Structures are given as structure tokens and as C-alpha cells.
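Both complexes below contain subunit A, partnered by subunit B and then by subunit C.
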Partner chain A sequence: MLVRFTPYAMVLPIVLCILAFTYWPILVSFDLSFRHWDFMSSDKPFVGLSNYSELVRSDEFWNSVTITLIFTAISVPLRLALAIAIARYLTTESKTVRALRGAFFLPAVTSSVAIAVIWSWIFSTDAGVANALLNNLGIAKVPWLQTPSLALWVIIIVNTWKQLGYDIVIYVAGLQAIPEDLYEAAKMDGGKRWHTFRRVTFPLVMPTTYFLLIVSVIESFQIFTIVDVMTQGGPAMSTDMMVNMLYRTGFTLFDVGKGSALAVLLFVFLVVLTVLKSRILGKRVHYEH
Partner chain B sequence: MTSLKTLAIGAALTVFSLPAWAETDITFWHSFGGGNGKALEQIISDFEKKRPDIKVTAQEIGDYNDIVTKLQAAIPAKRYPDVVLLEITRYGLFAEKGILENLTPYLDKDPLKEQLYNFALDVGKYKGSNYVIPFNSSTPVTYYNKALLRAAGLPDTVPLKNFNDLLGAAKTVQEKLGAQGKFGITPMGQFARWGIVMSNDSDLIDPVSNDVIVDSPKTVAAYEWMADLVRKYKVASVDGITDEDAAKAQFTAGNVAINLDSTGVFGGFKKALGDDLGVAPFPCEAVCRVPIGGAGIGIVSMIDAEKKKAAYDFISYMASPEANAIWFAATGYLPINKKTLDVKVAADAANKDEGITVSIKQIDYARGRPRPPVVTWMRKMEYGVWESVALGQKQVPDALKELAAQTRAQTTN
Partner chain C sequence: MNTSGGVVLRSTAVAVGLLFLSPLLYGIWISFQTANRFFSGNGEMTLQNYVDAVEKMNFLRYLFNSLIVSGGVTILSLATSIMAAYAFSRFEFRGRDLIFGLVVATLMIPGHITLIPNYLNFARVGLLDTYAGLILPAVANGFATFFLRQYFRGIPRSLDEAAWMDGANAWKVLYRVIIPMSKPAIYAMGLFIFLGEWNSYVWPLIATDSPDMLTLQIGLARLYKMDAQEGLVNWPLVMAAATLTMLPVLLGFALVERHLVRGISMGAIK
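On to the complex of A and B.
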């Protein structure tokens, strides 16, 4: 009897932790999304779907959804394309390659706040390194973080720089798992580099790509720190991602109900996207000989 | 066994060697780091020496916005501090909700009440009762870099009395030194923006009726002038629009000639620029009127009675002549106690540097700002509005009209 329950007893503490710190807050957030609350009032009146209806009727919400989608649509393919391109050169085992892998991975484990502050300095209009370099080439100063059409690109560059190392490491593992004899066979058949990549490498790292696609889309929808430090969603809301709006609504404007409704909608978006990806790509993920 | 005995004796000795009084611990949330933080530490240390029965745990939370956000989130979690520093236009929100203790009964019994300047008592009042006792009070003043003005061919004593004077000096600096990466003036921070609006004989919220007047013609004109410094005359760096700290940093690095800012940053500016720092009164455009800024200290109403008593003793000491003198001399914030300048350290600071006393001379026409609960919300939204008009993405009248409509709607919610 004791032996039968031992495994359950051993996993019980972590299950309780996950219930308390993950699922319980989700349930509370779901409940709060139907209420009006400002953190301080003792009562939290039930307001039905009004938080949701106010959100979907506001331009601010659709602006943040659009910005987040644009950011995701550009940054995810960019990250994955760069990562696989670089990873191909980092599959061999040598001191230099290991050092390079470490160097690429470093931003992934560096504090997002520190990264955002440093990149803010780099892209500062009047005191930044980027403009100093352009100035040396005779190009006028560019107000990177003050121009709505440029600020989002800066965020994409910084986020790609930060996340690239993680994607590279995962791709390196995927590429190293491809049997060498497949490349030899392709070579003997006269396959060119691009052809080999398209017909051998890419199909065989599809599970890795699929995994990274899921993870990076979720990460892109959850981007917050870099935006909050570098632009606070500005200028003119041009970098106002969904999580930035969520934070502002809930913790700056103290509309906890609407902030929770936004969190629920974000969750729904991510579930729908993941299901869609699974439907569209799921069957193509596993390559069969 | 021997070691157990030793342990028991040690524990007993420790217990019996404790002081006879029970120490009351109070937690204090504030927003001071750097030089100001060190001055605060000294004041708290002096208080603890004077009152060994009270232990103050001071925690730097962040800026004024951060404190509001963290306090609000801490309330339902019951992890609030005992004593909290709140910006002078933002505490109304907490007073309205009953989060702050009404300090009027405490003040009525405290000789401190007679010692405080009227402005200090007034800015701590919400709906007729005192909810905070000011600690760091300030007005905006005009800071200038004498070396940069000289390099641009202007005298140290160039008049900076109204908007035209400021623009003229800024244009000259920009014309002469712009190619070297210097700027005429910093974009206005939010405190200075409010000051410019008041100097143009207007306000964001009517101080008597609490009506939203952020879209009134005079307020719009003031914002037009501030935005034009960046978008039309290009005498101010765009970096300072999206980041007020960047604007300050450019001034302290000696790259900007004029900066309108709180008297509370005097200490830091003086340290950075030394004798090149000049201080002049805030410009008077239509009228001479400046907002009183800074923050006051309040007591969280949910703490127990014993803590409340200790907390009040602490905040009363923070406004005492000896504490206020240290604070004034180290930072440049206004004296709030009539006896502060009688204390040697404050008198020495006032005699040593004329710049530190400029704000004191503005007290006669300094005004507390309206602080209905919606001000906290409105000030947060105003950052984005300023950004959009200064960067030329929206027209000032449209942007302020929109802000006014949203604020009015928020007031009725």
C-alpha cells in the first residue's frame, strides 16, 4: 500500500506548488476579468462581460494586438532564419566553435533590463553610438526611438539579438542529430549546398523548427521588459504590445478587471495560434524516409 | 551535554540582556537613492539614536510612480509598509480610499503644527484634513550652465524671466554650439510642464472646482510653446522627450545650457557642474506662479495603534528643524519648517550658495496643485500625450482635448 502511494506523495509538493502558483492565479485572473476592482476597494462588483466588451471596442486594444502580431510576424521568422543559418557553422566540436556558441548564448542569459538600457544608449538620438557611426559616414541623426515607424524595428533588433543564442543552441543540437551519411549520399548524388539544405537539413530539423516556432511565438506575444524599458510602448503607441497594455491597464491605471480580461484574451490568442500551428504544420513535422 | 548547557546559558544571557523597552519596528517606503538617499539615511540614523525604542527599516522602492503602483498592489496582499512617501498630487487617491491615516488629530496635539510653513500644511491636506506631512517640498527653478552660455557669447546674467528670454538664449546656444552636440534647453519634464502651464495663468485641473481644464486655451498655448522647442525651433534634444532622466543626464554632462527642474535636484546638479551651475527663478509669463512639488509622508491606516504612534513620532521628526536642516543642506529641497534656517547646517548652506535659496524666494507665489483621485490617472496618461505632441505626431489642441475627455470620463467612473 505504502509503495503504491509513494510516487504520488513524492510529486505532491510540486503539484501543490504548481496548483498554488500557476493554476490558482489563472483561475483568480479569470474571475477578476468579470469584475470591477482597483486593488484597494474591499468589494469587487460583478460586471459580466463589460470588461471584455470595453476592450474589444477600444482602439488601444486593437492597436496593441496589431503591433504584437506585426512584431511576431517579423521577429519570429527573422530569429529562426538567422539561428539556423548561424547554427550550421557551429555544429563541429572545437574550442573556437564552443566559445562562439557561448558568445551567442550570452545575451539569452543576460538581464533583459540591462540589455534594454544598453541598447537605449546605443540608439539614443543625440548621444548614441548608432548615430555616431552614421554621422561618421555623413548621414544625419536618426531619431530611432522617437519615430513610430522605426521604434518597432529597434525593438525587433534588440529582441532578436537577445533570443538568437537560445535558438542557435537548440538548432545546433538538432543539426548534430542528422546522420552524416545522408550528407555524404547527397554529395555523391551531386547535390549543391542549397539543394542539400532544402532537401536534407531543413526537413530533418523540422521538429526543432516546430518546437522553436511554438516557443518563439509565445515569447513574442509575451514581450514586455525590453519594450517597457526602451519605449514604454511609445512613441505614439507604436510599440505598445499586448503585455505592455496589460501591465499599464492593471498596474498603472489600476483597472484590474480590464487587465485580467486582457490576460484571458492573450491566453486565448496563444491557445488558438498553437492549435492552428499544430493543424497546419503538425503533419509535416516528422520526416519519414 | 556540556555544549547543551553552554547553549542554554548563552540563550538565557541573551534574553536577559535585551533592553527593558520593546522595540517597535516600522517600515518606510521612499524613493531616494544616491546623495539624497545618504542624507535620508543620516536623518533616520539620528532619529534612531534619539528614539532607540523605534527601529526604522527604510526601503527605496523606485520613483513616485513606482511607489503608487507597489502600494496599490501591496494592499490586497497585506504587504504594505507602515509609513510611505507619496508624491504631493498623488496621495489624494489613497486618502479617498481610506488607506492613509487622517493625521489632523495627531498634528493638533503636536507643536510641529505651529512650526510648519503654511504651504507645507496646505499641500498635505485632502478635503480639509491632513493625510501627509511634507518631507521633500520643491518648486521648479531655472538651472543654467554658465560655461555654455559664455561659450555661446551670452553673459552669465542673461535674463531668463519669461518664455521669450528662454527661447532667445536657447536659440543662441543652439546656433553657436549645436554643431558640437550641445543643446539650448532640455525638453520639459512633467513637473516643469505643469509649472509652464501655471506660469501661463492656467492649470491642468481647476484648483477650486476640480474641473478638468487641460484643454483650456492657455494650457494649450503653454503646451504649444513647450512642444515647439523641440519640433519647431529644434533647440531641445528629442531624447529627453521619451526619457526625462536622459534629459537630466545631458544637462549634468554639460551638453545642455538651460534646464527647468525641481529644486530637489540642486545637490546633484551642483555636484556635477560645480561653479558653472547657475540658478534663476522659474519664468513668469502671464503671471508669476509655480507649483509646489515633492512628496509627503503618510501612515497606512491599517497598521495597529502602537505602530501608528511610533510612525507619527517618526514623521514628526522628519519635519523637525534638525532633520529638515540636514535635508535642505544636502539636497536643495525647500525648508518646510520655519526654524530650519536657524539650524547651523542649513544656515551655512544658504549662505554658501545663493542658488540653493532661489526656490525659497518663490514660496510667496508657489501654489499647491489640485489632487483629486483622478490626478494620479491623468498624470500617467499625460506622459504619452506630451510625447505625441512634442514629437509632432499629434496636434496639441487635439491631443489635449482627447486627454480632457478621457479624464472627465475617468472622473465619472
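On to the complex of A and C.
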């Protein structure tokens, strides 16, 4: 008799946690997005879609959407191109190669805050290494993080440096799954390296590329920490990503309704991308095995 | 490959690896410099920045908080995931697939959607600025549950059955058979959870306020941001704080890199 309830008792703690801290909050977010509230006042009047319409009519919103899109459109292809270029040389299983893969991977598991702080120093105007190197070439000091047209590039560089190792590791796994005899065949045909890459390697790692493409787009849309530490969205909003705007709207300006509406919009978009990812993953299986 | 080729390969690899990690290594190097040496180029190496970070900047407390929070999350995540994974892998019960689906689906839910409601709920029950408030939202771990369920499925059922024959109940089978058989997977997963939580930023940023409750990540971000606003950053001190913040990862990385990499690849293939 007791045995019948045992499995329920075993799943109960995790079920309570996901209901309390994930599913219930999602519903609350949708609800709050239709209300006006400042965290303080006792009533939260229902205002229909007005948070959404305010959002889509504000420059602030479109600025953060645009910045996030530019960031994603540049950093994702950059990451994937660098990762596949490097991963090609790291597919063997010698000690040296494994250590080098580890070196590339280290930033991916290192604190984003620490990384952001270190790179802030490198790109700092007076004390930074970047300007010291330029100085050697006779170029005047550049205020990297204080210049709207440059700050986003710095964010892209830092984020790419941090995430590259993850992409490399996934590409290495994809490349290792390609049967050796296909390369042999390409060699027999007198294939040049670039030719082999384009005709054999690249098509065969396509599933990995699709996977990484979607994962890194999803991830890029959620970038927050590096920006929050390095620029807080500035200068002049030039690095203001969607989650940074969400944080500011909800937790600095206490506009709960608008913050929730922003969260809901980003959520819906990312869930669509995630469903897309699952589809592609389903297709990917027969390449792997 | 001949020996000289091997040497060339190895030294190229070392050079590339060092170059790639040079920002990190240079940052750590700066943390041992006196402010005088850093700004003027002469002076001594010192441990004073670490002493200052710990004594004046409360970093020992932050380190302690991070250990409590990451440790708490790791233990509770493992406990809830192990129990659930065992139930999912060994029992037929009504609603099993739905419940499993709901747990695994949390993997795909972007975290930002829960921030405002969780903040409100924790404020209502007075759990902001407490360890419980930092730990609880991170306990449910869909990836750990999924991963351990797969692993448990690979353990031959004949082992459970032998224990059942001896009169053990489900909890005893879990404790005496499944957990001992899965130690490597559980350790790897625990490590994975610990490092992830160690680096966690957004929720601790929102859920803490008083100086004694900050985690390392938040303490470091505050230290740097406050300096940066004033326009003068004590870089050696900030780098010492950053090094402290990265410490467990740097120490543990060599030890567990292979587990991590395998875990990541599995995460991608799942």
C-alpha cells in the first residue's frame, strides 16, 4: 500500500520547487504585465495592454531590441567561425591537445563578473593594456568604454572570448563523430585542405552548427552580467540589452507592469526559438550515431 | 609524428593557450602588485591587496556566503534530483511522464521571466537577504534530474531486485544500491551544479542588499562599480578580489576539466 505512494513522495520536493519558483512565477509575470504597479502601493489596477503599447511606442524599447539584435548578429557568426576554425586542430586526443582545449574552455566556466572586471581594466582609458599597445604604435588613447560607437564592440569581444571554448568543445565533439574514411576518400580524390573542409567537414558538422547557432542566439538574447558590470548599458544607451532594460525597469524604476511586459515578450520569443531547437535536435540524431 | 614535430606542436599549443588566457593571467599578476608599482612601473610585489580585500572589503564574508549558498544549492539539488530521477527510472505511476516533462522543460525556460515574481514572493514571506532566499530558487535542477535518470536506467535492475528480495524498501534500494552505483555521475553533477551556482549573478543581485549577505560575485561587482563611478579604480585591489572570486574554478579546473567537458557535450547531445 505504502509503495504506491513512494514514487510520489520522491518527486514531491522537486515538483514543489518547480511549481513555486518557475511555473507559478511565469503565470504571475503574465498577470503583472497587464497591471500598473510600483512594488509599493496596495492596489495593482488592471490596465489591459497599455504596458505593451507603451513599450512598443518607446524609443528605449526599440533601442534595446536593436542593440541586442546587433550584438547577436555580430557575435554569433563570429563565435561559430572562430570555433570551427580552431576546433579543426583540436580533434585528436593527445595530452597537449586536451590541455589546449582546456585552456580555451576555462573562461566559459569562470565568473562573468571577474572576466568583466579584468577586461574593463584592459580597455580602461588610462591604465589599460589595449591603449598601452596602441601607444607603442603611436596611436592616442582611446576611451573604449566611454565611446558609444566602441563600447558594444568591447562587449562583443569579451563575450566571444568567454563563450568560445564552449563552442569549440561542441564542435570538437561534432568533428570527432565524422568517420575518418570520409577524409581519406577526399584525400584520395586529391582534395585540397580548403576543398575538403568545404565539401566534407562543413556539411557533416551542419547539425552541430545549427545546434550552436540556436543555442548561442538564445544565450545572446539573455546577455546581462558582462554589460551590467562593464557599462550598465551605457554610454548613451549604446550597450543597453533587453535584460539590462528589464532589470532597470523592474528593479531601479520599479515599473513592475512594464518590466513584466518586457519579460513576457522576450520569454515568448525565446520559447519559440527553443522549440525550433528541439526540432533540429531531433533531426540531428542520425548524424551522431 | 617525429620528436621535433612533437616539440613544435607542443610549444605552439603552449604559446596559443598562454596567449588566449593572457588577460586572465595578467589580471592575476596585477593582483600581486602594489598600487605604486602598478601606476609607476617600479615598486614591489605584495600580498597586501588580498589582505585589504579580506579585511577592509568584507571579502572573507562574501567567500563564506558563496560557499554556503553554492554548497546548499548543490546538496539540495542533488537530493531532490536523485530522488526524482530514481522514481522516474524505476516506477510506473500515474502522471509520471507529465511530471518528468514539466521538470525537464524548466531547462528551456529563460530565467529572466521569473525574476520579478520571485522577488515579490520572497519579499512577501521575508526571505530576501537570507540564505534561504538565495538558495531556494536554484534547487530544482532539470538537467541533473534528466542526467541522473539516464544514468540510473543503465544500472541493471537485477541489482535492485536482489535487494527487494532481501526485504529492502524503495528508500533502502535507493540508498544501498542506486546511489553507491552512481557515485561518479553524482560527483560530476554536484561539481557542475556548484560551479554554476558559484558564478550565479542575476538572482543574488536582486535578492541581496545588506553587505553581510552578498555573494562574491555581487561583492566584486559592487567594489568595481563604486570605484568606477568615482573615476578612480584601485586595479590591484580589484584584481585581488577578482582572483578570489575565480579561485575555486581555477583550483578545481585542472582536476575536473574532463568531467565538465563531457557534461557539456552530453548536454548538447541530449
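As a convention for this text, the second predicted complex is superposed on the first by the 254 of 289 C-alpha atoms of A that agree within 3 Å, B and C clash if a C-alpha of one lies under 4 Å from a C-alpha of the other, contacts with A are read in each partner's own complex, and residues count from 1 in each chain.
FYI, a residue touches a chain if its C-beta (ideal position, glycine included) is under 8 Å from a C-beta of that chain, and two chains touch if they have at least 3 such contacts.
Predicted, not measured: the structure shown is a model, and the values here were computed from it.
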Putting subunit B and subunit C on the same copy of subunit A, do they fit or clash? clash
Between subunit B and subunit C, whom does A:252 touch in the aligned arrangement: first, second, both, or neither? first
State whether A:63 touches subunit B only (first), subunit C only (second), both chains, or neither. neither
A:120 in the overlay: touching subunit B, subunit C, both, or neither? Say first, second, both or neither. both
A:50 contacts which: subunit B (first), subunit C (second), both, neither? neither
Partner chain(s) touched by A:224 [first = subunit B, second = subunit C, both, neither]: second
Going by the contact rule set out at the top, does A:100 touch subunit B (first), subunit C (second), both, or neither? second
Contacts of A:110 with subunit B and subunit C, given as first, second, both or neither: second
Once chain A of both complexes is superposed, is A:91 in touch with subunit B (first), subunit C (second), both, or neither? neither
Count the residues of subunit A touched by subunit B and by subunit C, then name the partner with the higher count. C
Once chain A of both complexes is superposed, is A:8 in touch with subunit B (first), subunit C (second), both, or neither? second
Residues on subunit A touched by both subunit B and subunit C 39, 120, 124, 127, 232, 251
Touching subunit B in the complex, subunit A uses residues 38-41, 120, 124-127, 143, 145-148, 231-237, 251-254
Per the touch rule above, subunit B residues touching subunit A in the complex are 65, 69, 72-73, 75-76, 94, 97, 99, 181, 183, 237-239, 241-243, 246, 250, 255, 377, 380, 383-384, 387-388, 391, 393-394
In the complex, go through subunit C and note every residue touching subunit A. 9-10, 13, 16-18, 20-21, 23-24, 26-27, 30, 38-39, 79-81, 83-84, 86-88, 91, 93, 96, 99, 102-103, 106, 108-121, 123, 136-137, 139-140, 142, 145, 169-171, 195, 198-199, 201-202, 205-206, 216-217, 220-221, 224-225, 228, 233, 235, 238-239, 241-243, 245-246, 249-250, 253-254, 257-258, 260-261, 264-265, 268-269
What residues on subunit A touch subunit C, complex-wise? 2-4, 6-8, 10-11, 13-15, 17-18, 20-26, 28-29, 32, 39, 96-107, 109-115, 117-122, 124, 127, 129, 161, 166, 169-170, 173, 211, 215, 218, 222, 224-225, 228-229, 232, 243, 246-247, 250-251, 256, 259-260, 263-264, 266-267, 270-271, 274, 278, 288
